[in-house]
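In the two complexes below, chain A is the common chain; its partner is chain B in one and chain C in the other.
Then we have the complex of A and B:
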């Protein structure tokens, strides 16, 4: 019985709609309820993860028992199960953080939108249908717009407005892409599209893929459509910023990679890969250079996050198994590191009333553990050995070398250099100034210690995780296995 | 131009008109109207993809046989897309009210609290 995996979608959806009822009973119970649901989600995700990795077969769930392509199916393969676990775990940690960080009403709306955001991202990576992907993308987007505006101050409204306009353009582009694919193949199921990929006209496929990439690039924070990201990261509540960086972006990037690699048999495929590399490169360059001149630490880390996303896109654009593996590894590492960084920076901003550079002066004296967490996160993002991001950067470097894209090597090294400049500036401000002693929250301290431990553990023993990553990468790359695993019904025309 | 060509032409025109409004207008509400026009264009495009000449609505009846109905799937998609569009527009307008209350203007050139 593996059908319980559908609870990954069902549980947050049902729980979200129970929040208004719970509000009538007790307002105090809302935040603990949110924590409990995300904890249950984590347990379910862990069970699904264990099932998929021990049997080696993906879990296919057919909605209503109809076989695809007539019915809609969920495809919870190696990648989806790994990422569903990361999504649920980060959500759980941030739900705990929310208990402290969210002090303004309406908390019931916050809990509802939080659950819907988690649901949308899980759905995006689990679905096997391109229109279903659109629906989940919109669920994620709409709850993200509302959560960005949650603080209701001037900055939050402005950031949310920018996000809505760009998101609206993106979703229209995506739908035009869907219309082109449906018009030429007459199917919406991803496995079916992959099977019939050779029938599609190469030019139409190229345009459709480009439109789909541009549609997903809004959430995926790729260059021309990522102008909303730094504003939203700065203005959104601190736990939500973490969720954006840790998994909302990753779900969109995965969707891009999945769609692109399923259509790998069209002739114009190489152009699409080049498009991904160009978008990724521009994202890295602009993200890193903008990060250099920020006065707000949260905004600086937001730009750094955008740059890392660019590196992931470049990895997907290499078109090799090694490139995908490296990108997936970077996605996982980046999710962990940015969860730690945004948690620590958000906590500081909460305690000291802002995230400007002056607030971090002498943080090592005031909040030693938090300052240590930020230091570990910063050092890890730069790519120093013994920390996890080093391994994913080196894998990406090697993959680029094997694929013959030498400029990508230069890009990664250059990006690391720029990162070193602004992160070391932050570390310097934190540790080399005096200030008075302060208090630290124990629960958040435990979460930070846990994340630091994971970062160092992966940094010292990367091989244990690398095994899982390779399985997940093969899940994206091997489209023959993807088609084989979905029990397609032959539709008579 | 065949009759189906008119639909495609109309749909693409609507998308481009919407995109033009979003990119050039300075008033926030006009931008949101542009967004709605763009969504309408996309919906029309989806419907045209499933259009069959001289066919009837895909509702089970004595007249409708498998060979003379239009494709029902794009219609289901458009129904979903319309609902999503309504939700986005409603949220966007309420955020626009918030923006107006904070900045006392809807001119995007003047709404510039976030820089850097």
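Then we have the complex of A and C:
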């Protein structure tokens, strides 16, 4: 009875639909309700995670009871179960933060869109069908557009407009890519596509994959389709910025990696990997250089987040198991660190009325715990030992060396150097100036302490997590196992 | 000017590149094995005469649930962004006599036709989405004819939510009875109905009725938000 995992999709959906009814009963109950639902989702995700990792087998959900490729299946393997848990957990923490951070009406709509954003990302990592992936991508994207503009000021509207236009272009690229594959193979199921990959014409495969990558690159924040991201990150409500950075972007990156690796038997595959490396490298370089010049801390961290995403894409472009493992590790670490950073910076912006550099002057005196949290996050992103990101950067570096891509090593080291410059500037501003004392919220303090503890724990004992990461990485890399695990129905003439 | 020429060249290159790939996609060959499978097994497995409906609600029902959600997000998003404390209709005069009388005469028939489309989705072309859109057209017509007309959001919003809840609930009942999410227990386990009659095709008519109500209320809600203007003083 593993089909209960479909609750991961059904629960946020039914809960979001229930909000208009709840609003009639009690308006005050909406934000606690959001927290409760995300908590239940976390518990379900934890159960699924336990099931998948103890049995070692993925959970295959067949919607409607039809076997794929006739019906749609979800593939909740090692990667999906790990990430569904992260998505649910981050959503829960941000739902708690939302109770304090969201003061603009209509909150009931906010709660619905929040749940649907979480649903969309969960669906994207769980689905085993390429068109269903498109549907979940749309769910994620459209709720993200609306949430970006939620603050209803001029910046937010402009950011959302940019996002809608780029997102629309991305969706059409993706759809054309799907059409090319469907036209060649006559199937939409990912496992079935992987099985028949050798039948597809190499040119068609190359164009289709490139289109799919460009389509997903909008949500995945890869250059040149990430122009929306800094504006949206800055203008969106603080909890939503965290969700974007922690899992919305990761879901798209995963989708890119999944599709690319399932089609690895195509002759022109190497070109696609090169495309990923080029896009990733450009994303890192432009992201880091732009971060240097920012006067707004939230925007600076947004650029830093984009740069990290570029590193993850480069890791996927290496084409080796080690590269994928490193990228998945970096995804997890980055999700935790950026959740902490955006939470802390958002909290400061909320208390002091803005996220400009001057606001952070003397923060160490005014809000010591928050300042400490930002410091830990910053130090971790730079890649200092004893913090979690250090390990994923090292793994990525080693993977690049083994794959013979020495320039990636230079890229990682250069990026870390630039990160050190702008993050140390922030740390300096926070700790080396005087300011009056202030108060801090206890609940947010607990969340920040929890995240700091996780960062340091992974930093000191990386091996315990590394085992899970390797399983998740193999889940993406091992195409044969993926095909074998999906009970494909033989559809013959 | 240079920018424009560069853009045109860029588009041509991309167009050539995609056309090149399109030329290599086999055309006219019988590759759609899954489609054939649907045609051969649709009656026995779903009890629906209209194979398209069976694909939409049964075989790929998960996608349809997603599409319903996309529409829900669109309507919620519009409501969130155009939210104001007070809003009023800004039209100054009613529609012409012809429009007013015509809309009154036609209203019940349009609604009836919309309901007919979604109830007969498993027998004739159509289904929940066009049926719901037809019902929303009836409301649009009244909005155009009468300047004071307003829908009751206290009724429409919960109804929209309730239909969404019911759709997922139907899926969960399938999970409880048949063991799979969105499993059509009415046709596959209870075997209710005769193929080709109104009472057939398991849960398709139920789901299409839910979708019809949902799409109708959502589109009407969007029309209402878009047609009204804020009476709040800025700042």
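The rule we apply is simple: the second predicted complex is superposed on the first by the 493 of 493 C-alpha atoms of A that agree within 3 Å, B and C clash if a C-alpha of one lies under 4 Å from a C-alpha of the other, contacts with A are read in each partner's own complex, and residues count from 1 in each chain.
FYI, a residue touches a chain if its C-beta (ideal position, glycine included) is under 8 Å from a C-beta of that chain, and two chains touch if they have at least 3 such contacts.
A quick note: this is a predicted structure, and the numbers were derived from the prediction, not measured.
Student: Once both complexes are superposed via chain A, do chain B and chain C end up clashing or fitting?
Tutor: fit
Student: Touch check for A:295: first (chain B), second (chain C), both, or neither?
Tutor: A:295 sits against chain B, while chain C stays out of touch.
Student: Should A:135 be classified as contacting the first partner (chain B), the second (chain C), both, or neither?
Tutor: both
Student: By the touch definition at the top of the document, which applies to A:66: first (chain B), second (chain C), both, or neither?
Tutor: After superposing on A, A:66 lies in contact with chain C but is clear of chain B.
Student: Would you check which partner chain A:109 touches, where first means chain B only, second means chain C only, and both and neither mean what they say?
Tutor: Touch partner of A:109: chain C, not chain B.
Student: Which holds for A:123: it touches chain B only (first), chain C only (second), both, or neither?
Tutor: second
Student: Have a look at where A:6 lands relative to chain B and chain C in the superposition and call it first, second, both or neither.
Tutor: A:6: touches chain C, not chain B.
Student: Between chain B (first) and chain C (second), which, if any, makes contact with A:224: first, second, both or neither?
Tutor: neither
Student: Does chain B (first) or chain C (second) touch A:204, or do both, or does neither?
Tutor: second
Student: Quick one: name whichever of chain B and chain C touches more residues of chain A.
Tutor: The partner that reaches more residues of chain A in the superposed model: C.
Student: Which partner does A:168 contact after superposing on A: first (chain B), second (chain C), both, neither?
Tutor: first
Student: In the superposition on the shared chain, how near does any CA atom of chain B get to one of chain C? Answer in angstrom.
Tutor: Here the least C-alpha separation of chain B and chain C stands at 5 Å.
Student: So chain A touches chain B in one structure and chain C in the other; where do those two contact lists coincide?
Tutor: 131, 135, 138, 142, 145-146, 149, 152, 176, 183, 188
Student: Mind listing the chain A positions that touch chain C in their complex?
Tutor: Chain A reaches chain C through residues 1, 3-4, 6, 9-10, 13-14, 16-21, 23-24, 61-66, 69-72, 105-106, 109-110, 112-113, 116, 119, 123, 129, 131-132, 135-136, 138-139, 142-143, 145-146, 149-150, 152, 176, 180, 183-188, 201, 203-204, 206-208, 211, 491-493.
Student: In the complex of these two chains, what residues of chain A are touching chain B?
Tutor: Those in contact with chain B are residues 131, 135, 138, 141-142, 145-146, 149, 152-155, 157-161, 164-165, 167-169, 171-172, 175-176, 178-179, 182-183, 188, 230-231, 234-235, 290, 293-296, 299.
Student: List the residues on chain B that touch chain A in their complex, please.
Tutor: Per the touch definition, chain B meets chain A at residues 15, 18-19, 22, 28, 31-32, 35, 38-39, 41-42, 45-46, 49, 73-74, 77, 80-81, 84, 87-88, 91-92, 95-96, 98-99, 102-103, 111, 113-114, 116.
Student: Applying the document's contact rule, which stretches of chain C touch chain A when the two form their complex?
Tutor: Interface residues on chain C, with respect to chain A: 17-18, 20-22, 24-26, 30-38, 45, 58-63, 65-67, 69-70, 72-74, 76-77, 79-81, 83, 154, 157-158, 160-165, 167-169, 171-172, 174-175, 178-184, 188.
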